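Next up: the structures, one after another.
Look at the two complexes coming up: chain A is in both, with chain B in one and chain C in the other.
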Partner chain A sequence: MTGTVAVLVFPGTNSEDETLRAVRAVGLEGELVHWSQPEKLARFDAYILPGGFAYEDRIRAGAVAAHDALMDPVIEAAQAGKYVLGICNGAQILAEAGLVPGTGPLRRPTAAFAPNASGRFQSVHVHVRLAVDPGRVPILAGIEPGAVIPAWASHGDGRLAAPEAELARIERDGHLAFVYCDRDGNPVAAPNGSALSCAGLVNAEGNVLAVMPHPERDAWTFQHLDATRDAVRGNTEETLAPSGGIVFFEAFARAVLAEAIA
Partner chain B sequence: MTATVDDAVARGRELGVALSDDELRRIAEHLERVPTATELFAFDAQWSEHCSYKSSREHLKKLPTEGPSVLLGVGEDAGIVRLGEWNGETYGIVVAHESHNHPSQVVPFEGAATGIGGIVRDVLCMGAEVIGIADPLRFGRLENEHCRYVAQQVVDGIAAYGNAIGVPNVGGDVFFDESFDDNVLVNVVALGLVKEKDIIHSRAPAGSVGWDIVLVGKATDRSGFGGASFSSLTLDEEDADQNKGAVQVPDPFLKNVIMRASYAVFAALRAEKIVAGFKDLGAGGLAGCSAELCAAGGMGAEVELDRVSTAQPELPPEVIAIGETQERLCWIVPTSFTPTLLSIYNEMYSLPRVARGACAAIIGKVTETGRYVAKHRGETVMDVDLEFLTGGVRYSRPYVLPVVEVEARELRRSLYHDAARNDYSRFEALSAILGHRDVCSRAPIYRRYDGVVRGCTAIPPGFADAGVLVPIPGASLGVALGVGGNPRYGKIDPARAAELAVIEAIAQVTAVGAVPAGLTDCLNFGDPTIPEQMGAFVAAVDGLTRASRQLGVPFVSGNVSLYNRSSSGNSVAPSPIVSCIGTLPDVSRSTTGRLRRPDSKLAFVGVLPRTAALGGSVYAELRGIRSRTLPEIDYQMFLAACEYVREGIARGVILGARDVSDGGLLAAAAEMAFAADSPIGFAFEEDCGLINHGEYGSASWFGEHVGYVIEVGKDEAVRAIADRDVPYYEFGWTIGEPFAERYDDGGALNERVLLADLREAWEAPLRAFYGASTGPSTSSG
Partner chain C sequence: MTQTFAVTLTIPDNEAFTAFETLARLGIPVARVVRADIWLFVVDAPAGDLTATISSIETIHNPNKHRLLARDSDRPAPGEVWIASRDEARVTLVGGRAIPGVRAIRRRTAWRLLDDSGRDIAPADLERAVETFLCNPAFQVAITA
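Coming up: the complex of A and B.
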């Protein structure tokens, strides 16, 4: 086994290519699986739902895709303990599908990524910090405690919203996977007004993870906006090499490969 | 015959087409009968200014369009410049530049959104992957309520469409001016990536007689009927409601899917080594598009309008044929490939499931007749000679060139002297400039756009003058996009404004280290039937021609938008808007426009002004200086500066660079400081000697000189970068504290301000208007 990953494409998905690129860069066998090919879905080791506007964000971001038949095999896989990662719109879909925080019945969300406090789409560079014990997120096997990951928060609906009791449960039971921070890991206000400064949610089993910002958009040195790129100026190979947000996918790959071998 | 001709004119008037009586007569004489309604609307669109460039073409042919960097020049939906070689293949960058001015004035959200929709199809139909967009915008005064509405809705429309289709927005600019109160300018540039051998042309291929004509996309409806001729009318407030029907309805969700399906079709064509024809449906709708495709290949067409998927029953044939429903494209493919094509769109990408009535469907055949024949319910509703239809009409409009007065030195001196009398400090002036509507931070706008989707963005907006993409995964080849054009200059001297627009666009891509490979223009002017307004256009084309020739960068595509005037007769500020595509052989040798470290040198490299020129500057406006002397141009000096900057960046000697332009030297330096990764300030010495001192001091610091501000490491031997003299002036240095400092001639610290205060002045104006963004700013990332 080599670790095969399906990157799902719904009508309206728009980040499938860069997600696939990141998956392949960390040694996984990635493949795009299109909404007209549900029969292909069963055979993968893991699944990624990439960013975009699946089904035009009708009703609520992620809501229609969560009820799409394409999600049936993904939900089954998640329940069987396979790894499922959602980024941005993918995170919204996982919340709408009830897979994260996973505290209620399927497709009856207990928390959602609601419209940003500004009421608008916003694209800003951010850092996110791992906010749970790494042991709680087997999907990111071996990730360092408190790991800080650069990413782009490019979304209109990234504000975690849930009833008070549910927010308390998310915090208490370790569902709050990532929070917004500065580059040194210090807490900052969420750019979208997200409750708990939440940038990502994980289920109780730690095999389903939803993150709002895009680590795959800051996963190569040429994409960095700070001195780390300046430091390798003139070095073509280093400039084009994976770094930064790629650590997120490296951790994901370790998990998928370990599972595939076991 | 006379009776026929008169009937034709009467028919045209009755249907409300924009064709002139003369044009209607020509059509009737050619057809030797009264044209059908479908034919009249087809001519109306094809002979509109928008499609035929009937007033502009004789002038546009002056523009230089050839050069070694051109893979495909002017003539199709988009031009293509050479990006470089990778893995044994030659790659090109497709570039298209359009306006969507009239629709955006009437229905700003939809107008701006469909502007992107249209330009993206122009790039797509060359066989390219769409990799980037940019929007040059010209809004009216924000004091005016309707202008505020337009300015909000246009940005919303761009964000809604561009974000959904997943194409990064990597540039553009914004100006505010009262001349745009009644007539907003919404230009849009789009870039695509294509291998040279995979370019698809917008024509019926040789030997394509009998091939299928396939219409792809949204079900045809009544929206956008008459759009081409609408954009060639002047806007009259009373007609606003009536004109709304001429604006198309955007569907970025469907477009997202059509783009991806089309990429799959490209792959299938490559696999089967088939040459096809592909074109976007824009102005003139289905008939316009299929007619141009077949005319370009020297063929004819026979089209069955009944086979077009329609959204509403009982659409009249002229609406099916000419309506400009969005999100549609037209293929010409061999019949053997048609099943593959249909199955990709209809099954794999299931267009009919994505939007009601959307599909790919065969609607006709290519013929050898040279005629365009359209049938509807068994009746021939159109039968015209293709060359006559698409050859259009040409006008030699009378024009009066603008008179540009040369200001006597004495007059200029007295103008500037008056302003100097109640002088305020350099930093008070700088703060006012940074807070000026045309200089202040654009972050509240560009943060609404996704600048990093596709994962190929190396420099998103805000970090440099040009956006930079690395479009081929694994390859070091980069693409830079710059945009220039200043309405304040346009009002004073359209020709020089055009030259300065070319210079600015080139300077922006050079400032990141790129080589300018090609130019595009969108020429936004007033009414060509008014000799003074036509004269401004002619002068601008002359200016573009001069700059392009002097700087050796050709035009590869462009667009003309005329009739940008309101019913009161006022034209918009003559607005030649230019974009430049730059190429980077190795993106690791590019740089940004932000300060990098303390104790570096800050220098100006560019056209060293021989005299003060504050005409059209932000400073002049703020101080009420009515000078009309625009920034000095010296092409040899500018070229030397460009070469110097490019080489300095490639060698790593130049740490960062910005084009001076709006606001002048200190404003450029301040913007570099604002973009810095850590707190770095700057200092300057009043006696820098850029221009003779004394009453011209303010012109040194706030004149919008042609050239660059650069940061150079303190130990670098600057003149050793290039083996020649460069127009270089050191005026300051960077400091490790978040301040801006001014030293006097004797070297004593004279004035000092917090960068944060300058920054607040810069960020506040549009933040208030477009809404605050909370959380980390991009520059802290």
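Coming up: the complex of A and C.
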């Protein structure tokens, strides 16, 4: 029994292949589903919205894709309790669709991954710390509470922004899934100026997760920040070993497989 | 005081077309979408040559594809909505350079939604377009005339 995962592709998505590779590496059956194929989506067990620039980020990052027909079955599946994961641009789409933090009506966002405080696109290696009880979020179950995961933050619009009352609700009600930290898990200022140092949001039901940094870009040793150093040291045989961010996908796979068997 | 400029595309505006398609999908009775970048320059005194200065800054105005128009007001025209960031940082540079006499620069996106007669759509429809798509109130604000 394998879990089936649809990796959605909008015009402008650019991280579908590495996401699909991570999905397959952890034993899931993944398939790319393009924006013209919404009818294919219903049969999948779970959905991933990968990174990129859907519709060139026109109007706002994620706004057009959130209203795309491809999102109709995803929203329906999310409401039925299926797992939905958004990474980077996928996270922006989930926020614009109102699926995270999920505190308002659908497609009426209560929060946003807004332009970085720097006003610039930033690409930087980061660590994020699990900030939510993994027991509440099946996608994250099996990851140690407070676990630190390496990833690459690569975005121009990754700053959590919301009215003060909504930020308080996000923190109080456990919608804060990941926060930026150093490699030891100590708090650091978010590189993008994100409120609450937020790197990821989850809905109340725990089945929709949005993360801004890319764990799929730090899933093998050769992608790791130290890859160059390791290569110089002659550890090239280790460069294809699973590393860092793959932990995230292993947890996702456990949840999807458990649901598929059930 | 503030000097206001609108920059529109003279080539097809793909962003406006994408907005049109999404708004139509949402059931907004719109036949044409017109978009403009609004630049507000806070100046100490009327700067007579500001138009000439900014028309030479390609970050704002590329003569191969843009039209630059001075506006009389720092408010939207009737039928128009401006979208602004709630927490915009104070900006004094554009394209990495300061403009003499300019103390602050603010940006807006102006939207105008027209029906098939070329008239502005009804205010209630414009409000619905803003609430459902054009503005994310989590970090943006919509400004109307």
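Simple rule for what comes next: the second predicted complex is superposed on the first by the 251 of 262 C-alpha atoms of A that agree within 3 Å, B and C clash if a C-alpha of one lies under 4 Å from a C-alpha of the other, contacts with A are read in each partner's own complex, and residues count from 1 in each chain.
Throughout what follows, a contact is a pair of C-beta atoms (placed from the backbone, for glycine too) under 8 Å apart; a residue touches a chain by one contact, two chains touch by 3 or more.
Source: prediction; values computed, not measured.
Looking at the shared chain after the overlay, A:His34 reaches chain B, while chain C stays out of its contact range. Look at A:Ala161: by the touch rule set out above, it reaches chain C but stays clear of chain B. Of the two partner chains placed around the shared chain by superposition, neither chain B nor chain C is touched by A:Ala204. By the touch criterion defined above, A:Asn14 lies against chain B but remains apart from chain C after alignment on the C-alpha atoms of chain A.
In the superposition on chain A, A:Ala111 contacts chain C only, with no contact to chain B.
By the touch criterion defined above, A:Val148 lies against neither chain B nor chain C after alignment on the C-alpha atoms of chain A. More residues of chain A are in touch with B than with the other of chain B and chain C.
Shared-chain residue A:Ala260: touches no atom of chain B or chain C.
In the superposition on chain A, A:Glu238 makes contact with chain B only, not with chain C.
Of the two partner chains placed around the shared chain by superposition, chain B is the only one that A:Gln122 touches, whereas chain C remains out of contact.
The contact surfaces that chain B and chain C form on chain A in the two complexes overlap at residues 55-56, 117, 119. Residues of chain A that touch chain C in their complex: 55-56, 58-60, 63-64, 67, 69, 96, 107-112, 114-115, 117, 119, 161-163, 166.
Residues 14-15, 18-19, 22, 25-26, 85-87, 89, 91, 131-134, 136-140 of chain C touch chain A in their complex. Across the interface of their complex, chain A is touched by residues 159, 163-166, 253, 256-257, 260, 347-350, 353-354, 446-458, 460, 463, 470, 473-476, 586-589, 591, 596, 652, 677-678, 771-781 of chain B.
In the complex of the two chains, the chain A residues touching chain B come out as 9, 11-15, 17-18, 21-22, 34-36, 51-53, 55-56, 117-127, 150, 152-154, 156, 180, 182-183, 188-193, 214, 216-220, 222-223, 225-227, 230, 232-236, 238-240.
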